[in-house]
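In what follows, subunit A forms one complex with subunit B and a second complex with subunit C.
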Partner chain A sequence: MEGLADSRILIPARTKSRRTQAAIEQGIKAFFGGNALVAVIVLALITIFLFREGFGFFGQNLANLRLYRQAGLEYVDIIRATAAQHEALSRKLSEIRLRQVRVMEKRNAPLDEINAALASFDQFASAFSDTAENLHGLVSDLTEQASGLKERLFARAELLAQRSQLEQNGEHDAAAKIVLPEIDRKSAFDSLHQGAATFESVSAEMTAKLYNLLATAPPLPDPGGQKAFEQWKTQTREYLAGLPAASEKLRSWSPDTAIPWYRSISSFLFGREWVTASFWQDWYGIVPLLVGSVMVSLVALLIAVPLGVASAIYVSEVASRHEKRLIKPYIEFISAIPSVVLGFFGIAVVGQAVRAASQSSFFKWVSFFPISERLNIFTAGCLLALMAVPTIFTLAEDALRNVPRGFKEASYAMGANRLQTIARVIVPASLSGIVSAILLGLGRVIGETMVVLLCAGNRIAIPDFTQGLGTIFQPVHTMTGIIAQEMGEVVRGSTHYRALFMVGLVLFTITLGINYLAQKFVARFRMSIG
Partner chain B sequence: MVTVLEMPEITSPITVNQPATAPIPEVERGIIEIESVDFAYGTNKVLHDISLNIPPRSVTAFIGPSGCGKTTLLRCLNRMNDLIDGAGITRGSIKIEGLDINAPHLDVVDLRRRVGMVFQKSNPFPKSIYDNVAYGLRIAGITKRTLIDEAVEKSLRSAALWDEVKDRLHVSGYGLSGGQQQRLCIARALAVEPEIVLMDEPCSALDPIATAKVEELIRQLKEQYTIVIVTHNMQQAGRCSDVTAFFYLGRLIEFDRTTKIFSNPAQRQTEEYITGRFG
Partner chain C sequence: MTHPTHRTYQRSVERLVFWLFRLATYLVLAAATYIFLDIGIKGGRTVFTSTPPFINVPFLTEPPQTLYVFDFEGKKMTLGDREFRQWKTAHPGVEVEATSIAYSAGGIWPCIVGTALLVIGSMVLALGIGISSAIYLSEYSRNGPLIRLVRIAILNLAGVPSIVFGLFGFGLFVIFFGWNVSLIAGWFTLGLMVLPAIITASEESLRAVPQGLREGSLALGASKWQTIRKNVLPYALPGILTSSILGIARVAGETAPIMFTAAYAMKDEMPWQVAKFTDFFFQGVMALPYHIYVVSSKIPQNEYTERVQYGGAFVFLFLVMLIALTSIVLRERSRSRLSW
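After this line comes the complex of A and B, so read on.
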């Protein structure tokens, strides 16, 4: 008995009954399971919410597009496009002039002489822009008409919605009180359609004037300028040849042609314009934002991948223990900097420095320097790279460190030096791990908001890729930036609001895809190192 | 006390180095001459005054309980311990064919090419069988395809693996069985035509049949190479080595012909270890 009592001191006997024991175990299980469940439910709710709010966009956007046609805005835009083309040609003329002036300045010609040499050209240019006077007049007349019609149609649709809302609520009396204004669309369109005839006479007049003008075009002193001028002339002739097609389009246009449902999707996915809160027509095309995000991320990766991977290789393979202790936490520390602080730094230091560098005489040979915008793709890319480096570094270093020691030893034992071992054994063995590190870095970069909002310049336009490398010094707007910027201002439930949710969905899909790919690569990495 | 043995099978005589304090004898040269070597990992001294001469074209086995320093000594022979921070020889010298391998001007790349190594755990690279064997040649700067082809076939034949893999040279080395992988590693080591091959418990992860094949291979290879093998397996040391060194607690206890060690060891500790009374 004594011996038994002693052993009970070491391991106390079970005082709780089997039932309490089971209840405790159940409780523990429920606690952990409950936590997991909450996480899953929250995630599901977010996803469902995103989809619900987002998909309403297509219906509303379709209505938006239909209104565009029904109110005749589309009709006016056909004429507006020809006017815009004319303006673009005008701008090109001034570009040609600017180039001429630069060439002559290089020869140290005095300003008076330059102006004298270009006098006939200037005359030509102003005569050219004058030819479109009637066209612009027509556009502004029709614009007024169409936007008036649109307003009336829109107000009517609002009232209609209000009435059906009231009827749904059972308030039939109140519903009956709402009087729908009659809109005489026929007469409205008749007056709009007269625009076609006016356009024809205006364009015929303009064509005749321009052909005369082209025939009397003055020569330019510089052969390069002359070449550009000749190019411009062919472009003008093409423009003039296209005018009858525009007037044909006007004749065949009808406000009642149906807009197919898929236009709502395609105008979002392939739309090249994102215009909101416009007096004329809102466009929700994701392409400029997508291109902006992709360009910024690409620049960021181009900078971050060499930095991150190379420093990971250095730390895991070359650095002494002391260096490792210093470098590793230091790089990982970068990720602790709040992105808004990085954004400040980007505006105040990086952007400023890049612009100052572009203005220095040292970089005079670069064709696209000096740059005018301090905030651009490059500035944002540099800072995003800073955010991606810790991610890429940490994960790549992990992958490199996980390469079995045996590979390294076998390589050294064969007489390989350090560089050969790194290049031929360690990096190939950890390649899929490194790729997944890069992908996760990309995921981090493409979802980053604050830095791009502050540093990308926020101009909603597809950058002009004809500038080659200079493209990366143009401002852009990004998908994340637009959501952050506009979400606070939109009316809940409006088309704009839903469009922002759709942008969020696209972003979500992209990051999901990137993470999926990264996981695939991790799985491959695990297999390759056995 | 030191005795010079008569060794009819082996051309150079072998010294038996009695515990640490014994003086270094005048002996004929082995291919590897280890002279009163001390080795430490940082402040932790693991080898004490080791002296022995390893005869050429023979198999030398290092035996002893775990942690006795036999692997450390093996890794000294091609300076693999350089990869470990703070580890190094603190006294004594190791000469291979008369050249001090720890001399400051010595080209360690060249040394490792002459002293190949096979590891305890088979470690083929995640590359094809062909690329594994060709690795040593390629890093040595050989690019001529016909030369590499020839060398790959020759070393795979030497490692008795050619017939098993000749139809799938370009599939991953990971597709092979454990024993085949270890022979692939031997072929990889042989491809650069070393003079000495170090083997660190090459059969510890293999089944008996694969072990028998590797042992058979070791017996064949000693025609051309000097082999030093670390093993925990007494039978293995008995079966395939010509001379055996027994280590205990970082000291060389006995070094003699294998037949002598296994039949009539001079030291009591050796006898107790071999008969399984400790270790």
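After this line comes the complex of A and C, so read on.
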């Protein structure tokens, strides 16, 4: 019988009943279908869990902001801001001095002569910084008071939370045992409010002293320095004119003014400070991180787009067959370099090289060289560019290759040469494909973690854009970097923990948006080539 | 007609622009080559030796140790943790002021093991789910709103940053499921991360199997599943596996997703030294990429640390590139051979 009848002939001899057969088939289909749904489920779960862990942030941050006001920290910060402005002016004075010294050194003046010429200026500068002595004293006094109050309020809130937790569990006896300490906020605020009167007298005294000082300001030998000094004087006058506004603010300030709920959201989205684990006040503003991510990605794209698109055009239109067979796999190969190895290479080699280059005499004419930090936006951007090139190259080359042959032939038939054909026919026809390649490259770069964590310098501050092109040699911190760096150390469920999840959510939203745009462009590309 | 001088002018412009394109291309290749050479040469000093067996076996087979550097009788001594203790017992009464540098002695064996475990587990997971989804998408599904949704989800999932996967894995597996920092949490996180790539590659391979093979089988009375099992999968599987190797390279190379789901900076026991069998899945492991992150950011850069830093990077790069190279070579070969 062997070899005569296989079980796969039209009507099998022994069949399970049709119905079981169909049920099994249905089951298998359902199994595969269920697996196909995993992608949807995972995407949904990512969204859900980012929200789940992150959403409590707004409530907690609101409480955090309310405590900031109720404990009077905000009140102290008004005074602190004026003290900080004073310090900034002081710093500017020493900058002016430094410039003076440099100018005189260029004229080969000996050090003694420089010091002699600047003696009256130095006297002026030290007198200036002395004027704020009382102000600083006031700030440190009030700081102590306010942080003490904050601590007590915080402890009370903790106990309150504990008690309500116990009551929820039905342990009323234990809950009743927790005694909430009474906090005499009124007297605390009265003593704080006396700060306003002190501030007024301090600032009046300082104003008088400063006007006197300004009247006796010594001239500077160098006209450039003198100009900067005059500018500084106007700034100081503006500062003094602003002092009454600060004391007005102090007088009208009240700890009981309500903080609207949306402040919690706006302080996250537009907050310019990310300060955590501080004894004074934590701020969770995403702007410095967002700016860092965007700056690094921009630098990376500025390098990667010309390289990636040029090499895509080269490989698809210019290169010989042999070159193609070598270059394409090699660039694909580059995309497999692990990001952490690139990051390590950045620390060990690129950062040093960038700093060494900035110190070389060849670049002496560049105003912002030599740079102080070897790990900065530029270092990270260079390495990220290398990660983005393979993505951009592969997708752009695909788009270029998919331009129908007829387009090219028609162009040649009209007498155009190869460059004209590329520039006027092939690239325009595949433009939306190339744009989508660039967008996907951007998505890869903005979501990359290890390179920026290791090479971007990790300083949480908005870079100083007044430095022009020198901005890209400043260290920044990024959204991906902050998650990777701080997630391991935070307390679960704390405001900080939830803030990191919110950063993740913002990152997720941004990459989804980029992806969506890229898909739009791909669709347009398919339309354009028919 | 264009004027002849105009044409020569255009020809030289063309040549110039093409040279610029060529320059850009080779610049990229040169940059990558420089990285390979730098890590290859400096890391090679750690991994290879000039005497037989030519490979630094202890570096590959020992766990990381703390390095002690000190002066003794005018000589600079550098000893690993264990040797340092032996030396101390051999020299009783000698007080030395030793600087200790973490992770800088010993080798990277536990990291290699941990990475291998992570890769195997997550690839099994990803291939299982990925191939099944691809079979559904290419063999069963008809275009409908649900399938469109699935395709959109796959496309978008491919663009999700790896650190977001890490956060997700942390929120779901580590906290919500209570698996803590563990191998299994890392498997799921990494597996789901490469899923889109596996699905896309598998579907491509399945679709490349000619329709006639399916129709022939169905015409003989085979059921749908029989057709897929006997006439589609055998032909698609080599392609699926080849493309999936690139997924392995990605899984092995990622650091961000395992940072807070599976990786420990330091662990004394090897993964198989567990009290009971189930503990195996719920233990954190050391992983090569995380180890490289730790040694390049947490300890200073100097002559003593260069050994582990470059050595680790070399071994890791070598392994990942080997996987990637296998995938690329196999694919180039199958492209030229396979034509239906």
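For the reader, a short list of remarks on this structure follows.
Here is the rule we go by: the second predicted complex is superposed on the first by the 505 of 530 C-alpha atoms of A that agree within 3 Å, B and C clash if a C-alpha of one lies under 4 Å from a C-alpha of the other, contacts with A are read in each partner's own complex, and residues count from 1 in each chain.
Please note the rule applied: a contact is a pair of C-beta atoms (placed from the backbone, for glycine too) under 8 Å apart; a residue touches a chain by one contact, two chains touch by 3 or more.
Being a predicted model, the structure only gives us computed values, none of them experimental.
Once the two complexes are laid over each other on the shared chain, residue contacts for A:417 go to subunit B and to subunit C alike. Of the two partner chains placed by the overlay, neither subunit B nor subunit C lies in contact with A:469. Within the superposed three-chain model, A:269 lies out of touch with both subunit B and subunit C [touch as defined at top]. More subunit A residues lie in contact with C than with the other chain of the pair subunit B and subunit C.
Touch criterion met: A:519 reaches subunit C, while subunit B stays clear of it. In the superposition on chain A, contact is made by A:429 with subunit B only, not with subunit C. Of the two partner chains, neither subunit B nor subunit C is touched by A:302. By the touch criterion defined above, A:406 reaches subunit B but does not reach subunit C. When the two complexes are laid over each other on chain A, subunit A has residues 417, 420 in contact with both subunit B and subunit C. On subunit C, the positions that touch subunit A within their shared complex are 10-11, 13-14, 17-18, 20-22, 24-25, 27-29, 31-32, 35, 38-39, 128-129, 132-133, 135-137, 139-141, 149-150, 153-168, 170-172, 175-176, 192, 195-196, 199, 220-226, 246, 249-250, 252-256, 259-260, 289-290, 292-293, 296-297, 301, 309-310, 313, 316-317, 320-321, 323-325, 328, 332. Listing the residues of subunit A that touch subunit B in their complex gives 320-321, 404, 406-417, 420, 424-425, 428-429, 528-530. Of all residues in subunit B, only 78, 80, 83, 85, 109-113, 116-117, 119, 121, 123, 125-127, 135-136, 138-140, 174, 185, 188-189, 192 touch subunit A in the complex they form. Residues 8-12, 21, 24-25, 28-29, 31-33, 35-40, 42-43, 45-46, 49-50, 52-53, 306-308, 310-311, 313-315, 318-319, 327, 329-334, 336-345, 347-349, 386, 389, 393, 417-420, 440, 443, 446-450, 453-454, 480, 483-484, 487-488, 492, 500-501, 504, 507-508, 511-512, 514-516, 518-519 of subunit A touch subunit C in their complex.
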